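Okay, so chain A shows up in both of these, paired with chain B first and chain C after.
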Partner chain A sequence: MTTHAPAPSFIRRLLSGDLPRSRILTVILIAIVVGLVVAPFLVPGARSLNTSAKILIFIALVASYDLLLGYTGIVSFAHTMFFGIGAYGIAIASTRMEPGWTALAVGTSCAILLSVILATVIGLFSLRVRAVFFAMITLAVATAFSTLMSQLSEWTGGEDGITFKMPTIFQPAYRLFEEPVLGIVINGRILSYYAILIAVVVLFLLMLRIANSPFGRVLQAIRENPFRTEAIGYRTVFYRTIASVISAVFATLAGVLMAIWLRYNGPDTTLSLEIMVDILLITVIGGMGTLYGAIVGSVVFMIAQTYLQDVMVLVSKASEHIPLVATLAHPDRWLLWLGLLFVLSIYYFPQGVVGSLRDRARGT
Partner chain B sequence: MIDKGAPLLALDKVETRIGPYHILHGVDLVVPEGGATMLLGRNGAGKTTTARTVMALWRASAGTVTFGGRDITREDAPTIARLGVGYVPENMGIFSDLTVAENLRLAAISGQLDPKRLEVIFNAFPAMKRFWLGRAGTLSGGQKQMLSIARAIVEPRRLLIIDEPTKGLAPAIIANMIGVFRDLKATGVTILMIEQNFALARAIGDTVAVMEDGRIVHHGGMAELADDDALQRRLLGLSMSAHQ
Partner chain C sequence: MSKPVTAPVTADIPRQPVDWLPVALPLIVAVAAFPLVGNPWTWLTLTIAGLAMGMIIFTVSSGLMLVFGLMDVLNFGHGAFIALGAYVGLAVLIPLTPWVEATSVLLNSAVFALALCAGVIVAGVVGFVFDRLLIQPVYGNHLKQILMTTGGLIIVEQLIRAIWGAETVSFNLPASLRGSWLLGEAAVERYRIVALGIGSAVFLGLLLVLTRTRIGLMIRAGVENREMLEAMGYRTRHLFVGVFVVGAMLAGLGGVMWGLYLQNFTASIGAQINVLIFIVIIIGGLGSTTGCLIGALLVGLTSNYVGFAAPKIALFSNILLMLLILLWRPQGLYRVVDR
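Here is the complex of A and B:
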């Protein structure tokens, strides 16, 4: 059994008392956080910076989904819809208004308002039905929304999406300093990255606060046994609806960050079913109902998705004289290996990486 | 002042159907205020369904349920709980992913735990204090049952519905439970308990109702049933004296 030195009280307060509870997990999380903070300097280049930013945005997005699936036990396929609403909010506001901070504020506010209304309506009308029907309703609503966004091409750019400008300091041509810092030019991309980093840290800590509040405990109780929770005095539909709304708002804010980072939005970027599947996979791989799982899962998934093909090119070249191995290791087969990796990870870590590490630390 | 004998809970011709099954066939039950009513009967007689119907976890398809003079037949479970009905379900109905402390805080609908009531709980169930920050899922069977009861009494209740609290527990724990239930009775709370353990039923019960095939087939004083071997055999199929 692993023993832990008590965490300083400010760390405990910052994490709302929800510590990693595993020495290995603590080390992994510290390594990830430090890695993400120094990423622009450690691994310079557009591709690695893009991967790091996507990891950050997915941490917020997946953690918001974990509030719903992991903490409340609600399976929803409409999460990308709220992600898309956030991104389209920024995209539409930035093209219809003068690009700048006002456009960002208006786009974010309108997107949050729309998400709150939609999540409330879906919640109140659908959360009374059985889980499988709720999941089907959310899938139908998300598909309808995606189609609507493609049809409203005058506003959304249709299938092609829309590109837009950001405030000056987030534009690539902007330079904060004339001279490079540690060999890196601090331009608008780097500033966008750090703005997203700060936003994700704040959002994650907020979600940790919610999950560990009395409200969060009610959600966990509902997940375990809704009837029992009703019998001690809690209206489960009310709590589920509030959880859906909170989760939707955080997903919307993740969408806002995605739009800020890409300066482009289209149906495939934020609304696709593929992204929904990715969110589900990351939640399960990281560990449902842990929030920290969103961090570990996003890193594992994004790195695998981005660099697996590169690894396979090397393996394929090294094994070009071995017929079957070379065929299997061909970079075009990367999705096969990615799928296999996920099957194995779920088989060996049914509680997800974080859940398994915590169980191991507890000695269970 | 508790008016002993006035009905706190009354079921009048209550019928309950679960899917295609017709479980309760017109249950008439009166639970007097301030005492302990034992609901006895063979497995499958409808005892748990009666408790769940009172809590609105199953809906009564006919008849009325009255609590403290108020018709609660169409109320939902949270409303009934907030009227002062504590429910201890069978099979140790705890939230296993939460800690002991979180389980109790969750049951304190007013928000805060009352230190005096907590002290009473710790005196009755010292294990709750010992495993305060431990996950409820890691407790033993007896401790889980203690937590389930502690959760129901963490705030003042007018009625406690307790479903088979001694199921699967060791005799030493059952003896402790009898003391706890007697202390609870002394505080004036009304208890409706489903129980198969006759020693416990006799030790605690003031009145008794016996169910068979979804109906109440006997209603009377506990002492009356306890002293009548023939009645016990007729109603329950066995004698209490054989289960001391």
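Here is the complex of A and C:
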């Protein structure tokens, strides 16, 4: 640590005193942040912009999950439910009302309210009984919720989902300037991208603040030893429930951002099991209980997902005459490799990228 | 074998009074549902269907109940063995279609038994590997167990998709198990009676093994207090492996039955039933065989009654049931484990 140059105090305050604590990690993080800021100019094109936006949204989503899994040490399978509530809130409000800022505000507040109520009820109920039941009960509730969403097709569009309109400045046809800036037309897509970028930065710093507050310290104590924490005088049920509510609210906001970006929502984009697996995998790969892991993990994962599936198509085509390889390398089997990677990383790489880099910096 | 050496003791060891209330619960639910259903024959059909469904759910959950109770392992991958059972059953029944379609009861039963055996064996073998690779490395760590076994479930499910395809598969019951008997005006599907029989046999078998054999004694001791069992010099590790494999086999058996019950399913059959199993386990109380049975029957009965009387809330009936039971007894119906 002594070799590090002391960070300016405003950065220290901005990051709530939780610095990356590893030189390599610092470099990586700065590169990622700069990369995400200049992405629309650096690599123009709809696909790469889409990937960058998804990275941003997943940073918020995974960081909010990390508050629960990494900091409090409880596993929830309902995180996609809250993500979905946020996205459906926007979707339903924008189709039922006049699309615009009012719809966004109403959708977001209703979604947050619903998430808070649901998370409180689930938390109080399952955590009071036994903490390990939390995972099972969240799974049951999330499954029921996603079935409900596909059945309420009049409101949610069922399996097909719904498309909706955004306020004018977020619509692709909108132009901020007549002339292109640095060779790029500043249209509604670019504007929504930067709106999401700002929102994610704020959300992330807020989560960093929460994780490094006295409250966050109690959560970590619960993770390490719930019994002892209770003995010191902290009501673990209360703290765990609050943690799950906070995490749910942030996930809901991530869902709102997702809806703003896609202008579409359906079960596959926000509620599916695959997204839950993605969240789990990114949290573990990035490093549980670090928050910065969400940034590194999301970047690695999204880039891999976008471009590795192309590789899988190639491998699958090339190995058509080898029956087993072709089946296993088929892009439909993407989840198989995710599952394998997930198990292997828990087994061999439980600290994740950020945890390992920090260990290295500490010289252990 | 030998006569008791001591004179029979007149005063028995003090026992805990048997807690009958949970046992009466399925009966109470059945009676309470009667006015909702209205027609007595429909009610009878629904009740038998519910009991049969409950018995199958019990068969698949019992293994997890043991594993969770004894080993304190949260196995989110239990559904994988069920899915495997269903698909192996399919793999046996499809090539043997002539036997399935034959009019001879003997051939039908033979192919049915063969499918059950195959499901049990494959699930057992995979269970053994699963335990070695995924459970043992994360022993004693709930968080990692949940993550590891979830990963395992995904891998097995995807492998099933790779082998058998992602589309919905369907198969027929053996000819003599199809159709139904008429009981008054109530139509009782034959297969449901068979499922009831197999489920009861599994329950009785488990109960006998757990209460009448030395292994059963050790398992029950391990459920109540593992450290004490280890301190007395028993290797609980072997016991665990055995229990895990048997649990997987039961899941495989139940998987074949569940697959035949549904007749159409996809590879996500395991993940879907996982939810039901967890509800049953939570309702029943950890490590209690009877609690597990009652929980499964309750889930089966309410699903059928609610599905008939109020299909709109059928989706939440199980969660509602769990909520009510937990409000009444936060530790589940029977409290065996104090962890």
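Please note the rule applied: the second predicted complex is superposed on the first by the 317 of 364 C-alpha atoms of A that agree within 3 Å, B and C clash if a C-alpha of one lies under 4 Å from a C-alpha of the other, contacts with A are read in each partner's own complex, and residues count from 1 in each chain.
Note that in this section contacts are C-beta pairs under 8 Å (C-beta built on N, C-alpha and C of every residue); 3 or more make two chains touch, one makes a residue touch a chain.
These numbers come from a predicted model, not from an experiment.
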item: Which of chain B and chain C A:Val218 touches, first, second, both or neither; value: first
item: Which of chain B and chain C A:Phe342 touches, first, second, both or neither; value: second
item: Touched chain A residues, chain B compared with chain C; value: C
item: Contacts of A:Thr327 with chain B and chain C, given as first, second, both or neither; value: second
item: Partner chain(s) touched by A:Arg235 [first = chain B, second = chain C, both, neither]; value: first
item: First (chain B), second (chain C), both or neither touched by A:Phe227; value: first
item: Residue ranges of chain B touching chain A (in the complex, touch as defined); value: 55, 57, 76-78, 81-82, 87, 89, 93, 95-98, 102, 105-107, 109, 111, 138, 151
item: Chain A to chain C touching residues, read off their complex; value: 69, 73-75, 125, 128-130, 132-133, 135-137, 139-141, 143-144, 147-148, 151, 273, 277, 280, 284, 327-328, 330, 332-333, 335-336, 338-340, 342-343, 346-347, 350
item: Residues of chain A defined as touching chain B within the complex; value: 214, 217-218, 220-221, 223-225, 227-228, 230-235, 289, 364
item: Chain A-touching residues of chain C, taken from the complex the two chains share; value: 74, 76, 134, 137-138, 142-144, 146-148, 150-152, 154-155, 158-159, 161-162, 166, 271-272, 274-275, 278-279, 281-282, 315-316, 318-319, 322-323, 326, 330-331
